[in-house]
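One chain, chain A, appears in both complexes that follow, with chain B as partner in the first and chain C in the second.
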Partner chain A sequence: MTRYRNLSIKQKQIVWAYAFLAIPIVFYGVIRFYPTGNAILISFQDWNLLGDRTWTGLDNYAKLFADPTFWKVFKNTFVYLLIGTPVSLVVSFFIAYHLDKTRFMHGFLRMLYFLPFMTSAVAMAWVWRWFYQPVPIGLFNNFLSTFGIPQIAFLNSTTNALPSILAPAVWAGLGFQIIIFMAGLRAIPQSYYEAARIDGVSTWTVLWEITLPLLKPTIVFIVVFSSIGFLRIFDHVFNMTTGNPGGPLNSTKPLVLMIYETAFSSFDMGYAAAQTVVLFLVLLVVSLLQLRILRDR
Partner chain B sequence: MADLALRDLVKTYDKTQVLHGINLDVQDGEFVVFVGPSGCGKSTTLRLIAGLEEVTSGGIEIGGRVVNNLEPKHRNIAMVFQNYAIYPHMTVRKNIGFGLRSSSAPRAEKDKRIREVAELLGMTDLLDRKPDQLSGGQRQRVAIGRAMVRDPAVFLFDEPLSNLDAQLRTQMRLEIKKLHQRVGSTIIFVTHDQVEAMTMADRIVIMKDGHIQQVGTPSEVYHTPANTFVAQFIGAPAMNMLPGQAVENGAILLKTGDLVKADLPVGTGRQVTLGVRPEDLTDAAAEPFLEGQVALREPLGHETLIYVTTEMGEFIAKADGRRPPEVGATVRLGAEQENLHIFDAETGSALA
Partner chain C sequence: MNTIKFKALALSAATGIATLLGSAANAVEIEYWQYFFDARVAAMEQLIDNFEAANPDITVKMTHFPYADYRTKVAAAIPAGEGPDVVQLFYGWLNDYVEAELIQPLPADAFPAATIDEEFFPMVQAMKDGDAYWALPTAVRSLALFYNERLLAEAGVEPPTTMEEMIAAAAAMTKRDGAGNLTQVGMTAGMTAQDHHWWREGLIRQMGGEPYMADYTKVNYNSDAGLKALEFYTSLFTGDDAVTAIGFMDEPQAAFKAGRAGMHIDGSFRIGSLNKTRGLKWGVTELPATADGAQSNYSSYWVNAITTKAEGEKYDAAVKFMAYVTSDEAMQIWLDVVGELPAKPSVGLTEANANNDVYGPFIRGLAYANTTKFANESAQRQLMVEMVERITLEGMSPAESLALAAEAEQKILDEYYAD
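For the complex of A and B:
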């Protein structure tokens, strides 16, 4: 105790800072960093979860890059990302921008938009799955048939299935993004808009030259956040395509679903780990690129 | 450039009326300062003139044209905001140029105009900086530049100096006044600081609770305040107010029993308030009328303010800067007759 007492104020602060930092560091070390390291290790091994681990070197990766399913899945994952992120960004901004100006039932409307975010993804996926069923069950096809429009095979088509699954995924994330956008919009001082009104610039100019540039930190956050979400998409796909996981001809299968199947259907842990490492690298590169491109300029 | 007129201007928010019929004529090129405590309606009046708020009833005329239903951009005005409202992501050049965005002038002409304004404000070498690289005073100048670049008929300033420190405020006060002398546009300036009002204005409009209390030159509102509110609002420290009663020969009988010589135009028996500014109330008067003990001294160098406790309460007076009376000493205070302000005790309006 005397040793502690003899420390300077600065040194005492450091001791306490590390004491508090130690808790999350240890926690993360055990539940995050150790398994991550282990996964990277397993990706160079052959393991069926019960037997011995045997070294295989780069075999898992070689197999992966030669696997046409992997490239299909890789492409699907990026389709989710490249359609999902811009669409959800534009839609959520559009809603937030207008909701911000609405006084009438503002709180109720905001709650309504936020509701999907609080709903269980599994429940939501199954409800949407029902929407997509053919006549006489599905909501959308029933609606179309009343106008005499031919049936659409939403989930049973190699071209329609992916967008059909993406739609509820985008919808589910909207509430959160709208709230973040609205907070960003609120943070812009009202006098900026008043000054622009006096200067007589168009609403369009105000949007492009004042609102959007000032929202940039918010936009960067949402882009990175939703990109990570779409790259890791799983529960919507899994629940909407049970029975035929990954859709017809793997047309909806994302990387995470492939990892899940390799690991827990085929019990090929080494191969699954190699896929996980690839996913990790993709997430890392995409996030860093986005931060780089969007942050400065 | 143009003159400005407010006709029976009324503004109501929901059920609360905040302006109760404002009438004012501002001449072309005049520097008019709206001053008053917060909530008096001065900023609301400015925002009505700018077109940022809608007029409930009454009229606003700029250059002889009623502008009630015109968008701000069509009113030919420019406004400088309290927080400057300059855009942090744009350079000084773009910020100043933003006021020209809607103009159809060719690019070269706009650039020339921006340079002219920058030169006038002495910030040519700052044109490519971003606002976060500027000091408070420089940001203020950018905001003024953005207003000037459009060459508006009327400039509106909404407490533009409140965010600056005391020294900078004094400096910017001068700069704005100089600018006005050079440019000669009509300026409406809102502030809660009576010193700003006194030093800058051609005419001061003193407001309280949505009513105009007095309109006049700084000298007029200082020397002949219309009522006790104006008398106490203008001038620091505030005017001393002594209750009394009118007696024969136009004199005033104070509650202490002392008699003050004055030229009261009202009959005897009327309750009045005698106002004396601290700088006029001295311990060296020929005919003192108030006795008390010095409670506190505030040496200001060239003079010393003394806080004197009397039977009627505490009053502030001026004493010699070199040899002020000691704390606890008894002093007899008085003032020249021409420096006495007399108000009706009930209505507060000036009597003489």
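For the complex of A and C:
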């Protein structure tokens, strides 16, 4: 205690600052970094949750890269990313841009768009799952059959299933992105628009030369944020394909679902951890790339 | 209150508590763990009450938690010296638990293998290793054919007993709309439900095959019998005369519960939820036989085992408890409360049980049932799902798809039995 008493006021302040900073650091260390490190460790081991962990070196990774299911799943994960991110970006910008200009029932419309984001993903996935069923229970197919149009196999198809699952996932995330875009749009100083109007610049040019460049930080944020979301897509796929997880012939299975199955139904923790490490690296690389490309040159 | 009085009171309270603790310490307390399912917990509470009444010096504490957490919790608790003395586990997990040294074999004097071989239904022998049993079930489950009485009467057909009759009855109950879309199916189909068991242990054996060899370590269904079984199964939902569709109304049991499916193959555990379905009049009969009378069924069960944590007097108490939960009395209680079938013919095949309208078909099915020793049940089921999907979605021939499935399943088995 005497040592503390001998410190100067400035030093005491530093001690206190670190004492408070230590709380989040310890918290992160215990619930983030320790499990992460442990997962990396397990990826080099064989463990079924019950017995001892045994070292297997790179076996899990070798098995992973030789597994055709993994490559299929890897591809699916990127299809979710490469379709999901641009589509949701464009749609949410389009809606935000026009919603920003709308005065009529503005608050109500914004609420409508934001509502799906607040809805439980599980409930939503099940409702959509039933929408997609064939007759006699599926909403979409009942509608088609009323007009004598042949049935569409939404989920029970190797080609339609993935887009069918992606659609509600995009829709669900839209609300959040719209809100972020609108905040970004509001943050652009009105004086630029006024100057453009005085110069008689066309709407397109305003959009292209003022709005989009100034929205860049917002776009970077949304792209990175939604990319991570699509790379980690799980709850929609899991709930829309329970019973046959990952859809017909794994056509909708994302990496996270494969990890979940390997860990908690096959109890192959080492293999699951190896998949997790791969997912982590993918997320890392994709995020870094996007930040690099989209940052100011 | 003055100090002296307070001290006296505190002292008496303290001695009182000490006496209570002292008397409790004389009784052995053992822990029993199972996963949470209403009826199972209720039945076990009843068994524990009866057991404690007969053994006043033993108390049994039951702990239950959601199915999803089960394995993780058991695995973490036992090596730490916590957790159950007697534990319930799925028969398919036994190997993993034995290898991880989480459970110990039942003592030969209280559970002599020869007596168990004789007294229990034969599929229980999957729990035997050499001369010792690792675990024993209270109850078992098997498959049977549920039918919707109203739809059957409407189509003017009887509950089928053979496959031919089943197809004919299903065809009579199938309805289509103007565009040819199914609006009511004769029977349900889907490998995701119980059909993969029916195909493996039922159809293949009925077609004269043997699905696995060498104690379920070698896949043997890539054969004529396997192909015949697969072709029979896919004929239900392919072609113009299909009597069902995969994924009709999302899930087979949902279609049956909604009264849109005439027949449905499922396990005895479905009885409870069908009973709760309002407006559904259903009956149940044995799985259909072939024309020459061949029958086969699948059975699965949950077993109870003594963990390696139980030592000394707790071990003795655990053995007594195991003996009680595998007794005839316990099995009858389990049947009455949970609706799962007794594991011994002496209870199951009593006049009243074997001829019971609801339980009878399942119990009679036990006599010709087999239990698949799974290495990874969900992964092995998934292969059956994909085998059918390759045929229906990609147009692959049944023979080719069957060969692929057999090869993939052999890989899973090889990996599992490698060490």
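By our rule, the second predicted complex is superposed on the first by the 285 of 297 C-alpha atoms of A that agree within 3 Å, B and C clash if a C-alpha of one lies under 4 Å from a C-alpha of the other, contacts with A are read in each partner's own complex, and residues count from 1 in each chain.
As a convention for this text, contacts are C-beta pairs under 8 Å (C-beta built on N, C-alpha and C of every residue); 3 or more make two chains touch, one makes a residue touch a chain.
Here the structure is a predicted model, which is why all the values come from computation and not from measurement.
On the shared subunit chain A, the superposed partners chain B and chain C are arranged side by side without overlap.
In the superposition on chain A, A:P134 contacts chain C only, with no contact to chain B. In the superposition on chain A, A:P24 contacts neither chain B nor chain C. Legend: residue contacts after superposition of the two complexes on their common chain; A:G57 is shown touching neither chain B nor chain C. Contacts of A:T205 after superposition on the shared chain: chain B is touched, whereas chain C is not.
Annotation for chain A, partner touching more residues between chain B and chain C: C. Of the two partner chains placed by superposition, only chain C is touched by A:F267; chain B is not. When both complexes are overlaid on chain A, the residue A:P213 reaches chain B alone and has no touch with chain C. Superposition on the shared chain A places chain B and chain C such that, viewed from the Cα centre of chain A, they span 150 degrees in steps of 10.
In the superposition on chain A, A:R197 makes contact with chain B only, while chain C stays out of contact range.
Of the two partner chains, chain B is the only one that A:P189 touches; chain C does not reach it. In the composite built from the two structures, the nearest CA pair linking chain B and chain C is 53 Å apart. Interface residues of chain A facing chain C in the complex, by the touch rule stated above, are 48-52, 129-130, 133-137, 145, 148, 150-151, 155-158, 243-245, 248-250, 261, 264-267.
Across the interface of their complex, chain B is touched by residues 189, 191-192, 194-202, 205, 209-210, 213-214, 216 of chain A. By the touch rule above, chain B contacts chain A in their complex via residues 50-52, 71-74, 77-79, 81-83, 85, 87-90, 98-99, 101-102, 146, 150. Residues 68, 71-72, 75, 96-97, 99-102, 177, 179, 181-183, 190, 192-193, 245-251, 260, 376, 378-379, 382, 385-386, 389-390, 393-394 of chain C are the ones that touch chain A when the two sit in their complex.
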